[in-house]
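Here you go, one structure.
Read from first to last, the chains carry the letters A, B, C, D, E, F and G; within each, the first residue is number 1.
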C-alpha cells in the first residue's frame, strides 16, 4: 500500500481553510446560553450551548468593550461572529464580534434595519443644523412628569434664566408614544418663535426607549426646521432619534447646557469684546500717531531751513568765486598793464632824445671846429701870401736909401728926359715923400 | 422679529468687528466707523441682555395656550 | 475732494514727501511746495487723529457710566 | 519772464558764469558784464531763498499751534 | 569811437607800441607820437581797470544790503 | 615847410654840412653860409629835442595824476 | 663890385700878384702898384676873414645860451 500519511498539522490546517473559506461560516447569527463565563481582563473565553449542543466561543477585547450588558452564566444571548478552527487544540469555535441579550432580539433587529435604511438615505450624515447660540424660546418635548424637564429647567435657570422654556408634554413610553412625540415636534415646528427643540426621555430598557427608535419620530426630527437636541436614555443608549438629531446630549442637563450659554459669560464676552474694541482702536490710533510722529520728527519739519541751507552756502561760494575771478581778471590785466606801462616808460624816447642830443652836440662841435679850422686854413693861406708879398715889396729896396720920383702926373720918372726944369716932382722915400721943384736938368751920357 | 433674531447676528457682527479691528490693517476711517459700530452694538447687546426678563417655564396646552409649568414642577419636587 | 483721500493715503503721501525731501535732490521750488503740502497733510492727519482720539475718549467716558450710556442708546433708538 | 526761470536754472547759469570767469581767458569787458549778470543772478537767487525762508518761517509759525496742541495732548495722557 | 575798442584791443595796441619802441630803430617823431599814443592808451586802460575795480568794489559793498543792491542795479540799466 | 623835414632828415643834412666843412676845400663864403645853415639846423634839431623832452617830461608828470593827463590830452585834440 | 669877388678870387689875385712880383722883371712902378694892389687885396682878405671870425664868434657865443639862440632862430623864421 502506498498510502500518503498527512501530518496532524497539515490536516488541521486543511480543515481550518475549509472553515475560513466557507461563506456561511463567515457571519453566523447564533443564539444560545452563556456557559463557563468568567470575566477576564482582556479577551473572554466561554461557551454557548443549548439543550443538545455546545460550542466554544471567544470574544476579543475590542468586541467585548462594545457589549452594553454584563454577560452572566446561563444568560441567553444573541451573537454574531465567524466560525474558525483553533489549530493548537483542533477545536472549532465562534469568534464573536457582537453580542446582546436574547429576548429583545426582534427589536434589536428592527433597530438595526431602520438604522441601516436611514443611514443609506443619508439622514445621519446630513448636515446638522447649528444651534442658536442665544435662544429666546426653547421647546422641550418630553414627559411633563419626568426628571428630564426638571433638569432642563433647573440648568437653564441657572445658566441663562432669560430663555423661555416651553414644555410640549408628550407620552414617551408605550405604543402611543411615537405618534405623540411626532405630533408635538410638528406643533413646535408649526410655530416660528422657537429657537431650539429638545427631545428627551430618561433612561430605561430598550423597550422603554423604543418610541425614539421609530421611523416616524426619526423623520419628524429630521424634518424639523428648528435644530433638535436629543437626550434619550442613558449615555450608553443610542437611539435613532439621537442619531438623527442635530446634537446629542448624554443627559438632560447636558442638553440644557448645549442649548443655552451662561448669561454672565455672555455679558463678560460682550464686555471683553468692548474692551478689545477699545484696545484695538486705541492701538490703531497709537500706531498711527507713532507713524505720524515719526514723520513729523523728520528734520524736514524740525529744521526746514536745511532744505535750502546748501543753496545758501552754494550761492555764497559762487558769489565769492564770482568776485574772486573778476578780481583775478582785473589783477591779471592790471599786472600786464603795469608791465606794459613799465616797459613803455623804460622805452620812452627820452633816451633817444638824449642820444640824439649827444649826436647833435657832437655834430655841432664838429661844425664849429670844422669852420674854425677852415677859417684858420684860409688865414694861414692869406698870411703866407701876405708874407710872400712882403718879401717882394719894392719898399724894401727903398729902405736901403733908394727913392723914386714921380712927376706931377704921378708917373715915375725913369729918365732925365722925363723931366724939365721947374717941374714939380715928388720924391718917394721909404718913410715919406718930399715935394720939390727941378732946378736943373742935366743929361749924362753913358 | 428682526430685532429678536439679530442678537446672535449682532454678537457675530461684534466679534467680526473685534477681529477686524485687532487685525489692525484697516484704514483709520473704517476703523473709526467700525469702532463706533462696535461700541454701539456692544451697548445694545448688553442692554438687550439686561432688559431681558427672567422667565418661568411654561407648558403648551393642546389648545396652543401657554400656561405656567413651574408650579407643577415645584410641586413635583 | 481732499477729504475723500483716506488717512492712510494721506499718510503715505506725507511719508513719500518727507522721504523725497530727505533725499534732497529735488528742485527748490518743488521742495517748497512739497514741504507746504507736507505741513498741510501732517496738520490734517494730526487733526483727524485728534478727532478719533476724542471720539475714543468720549466713548470710554460714556462707557464708565453705563446708565448714561444706556440712556443715550435708548434715545438713539 | 526771469521769474519763470527756475531757481536751479539760475543756479546753473550762475555756476556757468563763474566757471567761465574762472577760466580767465575772457576779455575784460565781457568779464565785467558777465560778472554783473552773475551778481544780478545771485541777487535773484538770494531773494528767492529769502522768500523761501519767509514762507517756511510762516509755515513753521502756523505749525507751532500744532506743537502747542500736542503738548496739551501729552498733558492729557 | 575809441570807446568801442575793447580793453584787449587797446592792450594789444599798447603791446605793439611797446615792442616797436623796444626795437628802437624808429624815427624820433614816430617814437614820440607812438609813445604818446602809448601813454594815452595806458591811461585809458588804467581808467577802464579802475572802473572795473570800482564796479567790483561797489558790488561787494552792495552785496551786504541786497535791497539797495537790486535798486542800484536796475538804475544802472 | 621846414617843419615837414623830419628830425632824421635834418640830422643827415647837418652831418653832410659837417663833413663838407671837414673836407675844407669849399669857398669861404659857402663855408660860412653852410655853417650858418648848420647852426640853424642844429638849433632846430635842438629845439625839436627840447620840445620832445618837454613833452615827455610833461607826460611823465601827468602820468601820475591821470585825470589831469586825460584832460590835457583831450584838450590837445 | 669888389665885394662880389669871392674870397678865393681875391686870394688868387693876390697869388698872381705875388708870382708877378717874384718874376722881378717888372718896372718898379708896376711893381709898386701891383704890390700896393696886393697890399690892398690882402687887407681886404684879412678883413673878410676877420668878419667871418666875428660872425663865428658871435654864433659861438649865442650857441652857449640856447634861449637866446632859439629866439634868434624863431626870429629868423
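One rule holds in what follows: a contact is a pair of C-beta atoms (placed from the backbone, for glycine too) under 8 Å apart; a residue touches a chain by one contact, two chains touch by 3 or more.
Only a predicted model underlies this, so the values are computations on that prediction, with no experimental measurement involved.
A.B. asks: Quick one: compare the interface residues of chain E with those of chain F and tell me same or different, with half as the dividing line.
C.D. replies: Both copies, chain E as well as chain F, present different residues to each other, with under half of the numbers appearing on both sides.
A.B. asks: Quick check: which two chains are joined by the most contacting C-beta pairs?
C.D. replies: Top-ranked chain pair by contacting C-beta pairs: A-B.
A.B. asks: Tell me which chain's centre, taken as the mean of its C-alpha atoms, is farthest from chain F.
C.D. replies: B
A.B. asks: Need the most distant chain from chain E, centre defined as the mean of C-alpha atoms.
C.D. replies: Most remote chain from chain E, centroid-wise, comes out as B.
A.B. asks: Return the chain label for which the distance between chain Cα mean and whole-protein Cα mean is smallest.
C.D. replies: Central chain is D.
A.B. asks: Roughly how far is chain F from chain G, centre to centre by C-alpha average, rounded to an integer in Å?
C.D. replies: Here the centre of chain G sits 33 Å away from the centre of chain F.
A.B. asks: How many Å are there between the centre of chain A and the centre of chain F, using C-alpha atoms for each centre?
C.D. replies: 99
A.B. asks: If you average the Cα atoms of chain B and of chain D to get two centres, how far apart are those centres in Å?
C.D. replies: The answer is 67 Å.
A.B. asks: Rounded to a whole Å, what is the gap between the Cα centroids of chain C and chain G?
C.D. replies: 134
A.B. asks: What positions in chain C touch 2 or more of the other chains?
C.D. replies: 7, 28, 32, 35, 39, 42, 46, 49, 52-53, 56, 59, 63, in rising order.
A.B. asks: Please set out, as single numbers or ranges, the residues of chain A touching at least two other chains.
C.D. replies: 274, 278, 281, 285, 288, 301, 304, 307-308, 311, 319, 323, 326, 330, 333, 348-349, 353, 356, 364, 371, 375, 378
A.B. asks: Write out all the pairs of touching chains, ordered by chain label.
C.D. replies: According to the stated criterion, the contacting chain pairs are A-B, A-C, A-D, A-E, A-F, A-G, B-C, C-D, D-E, E-F, F-G.
A.B. asks: Give every residue of chain E touching chain A within the complex, in rising order.
C.D. replies: Those in contact with chain A are residues 7, 11, 14-15, 17-18, 21-22, 24, 28, 31-32, 35, 38-39, 42, 45-46, 49, 52-53, 56, 59-60, 63.
A.B. asks: Going by the contact rule set out above, which residues of chain A touch chain D in the complex?
C.D. replies: 301, 304-305, 307-308, 311-312, 314-315, 318-319, 321-323, 325-326, 328-330, 332-333
A.B. asks: In their shared complex, at which residues does chain E touch chain D?
C.D. replies: For chain E paired with chain D, touching residues are 6-8, 48-49, 52, 55-56, 59, 63, 66, 69-70, 73, 76.
A.B. asks: Can you list the residues on chain E that touch chain F in the complex?
C.D. replies: 27-29, 32, 35-36, 39-40, 43, 46-47
A.B. asks: Over in the complex, which chain A residues touch chain C? Could you list them?
C.D. replies: Residues of chain A touching chain C: 274, 278, 281-282, 285, 288-289, 291-292, 295-296, 298-301, 304, 307-308, 310-311.
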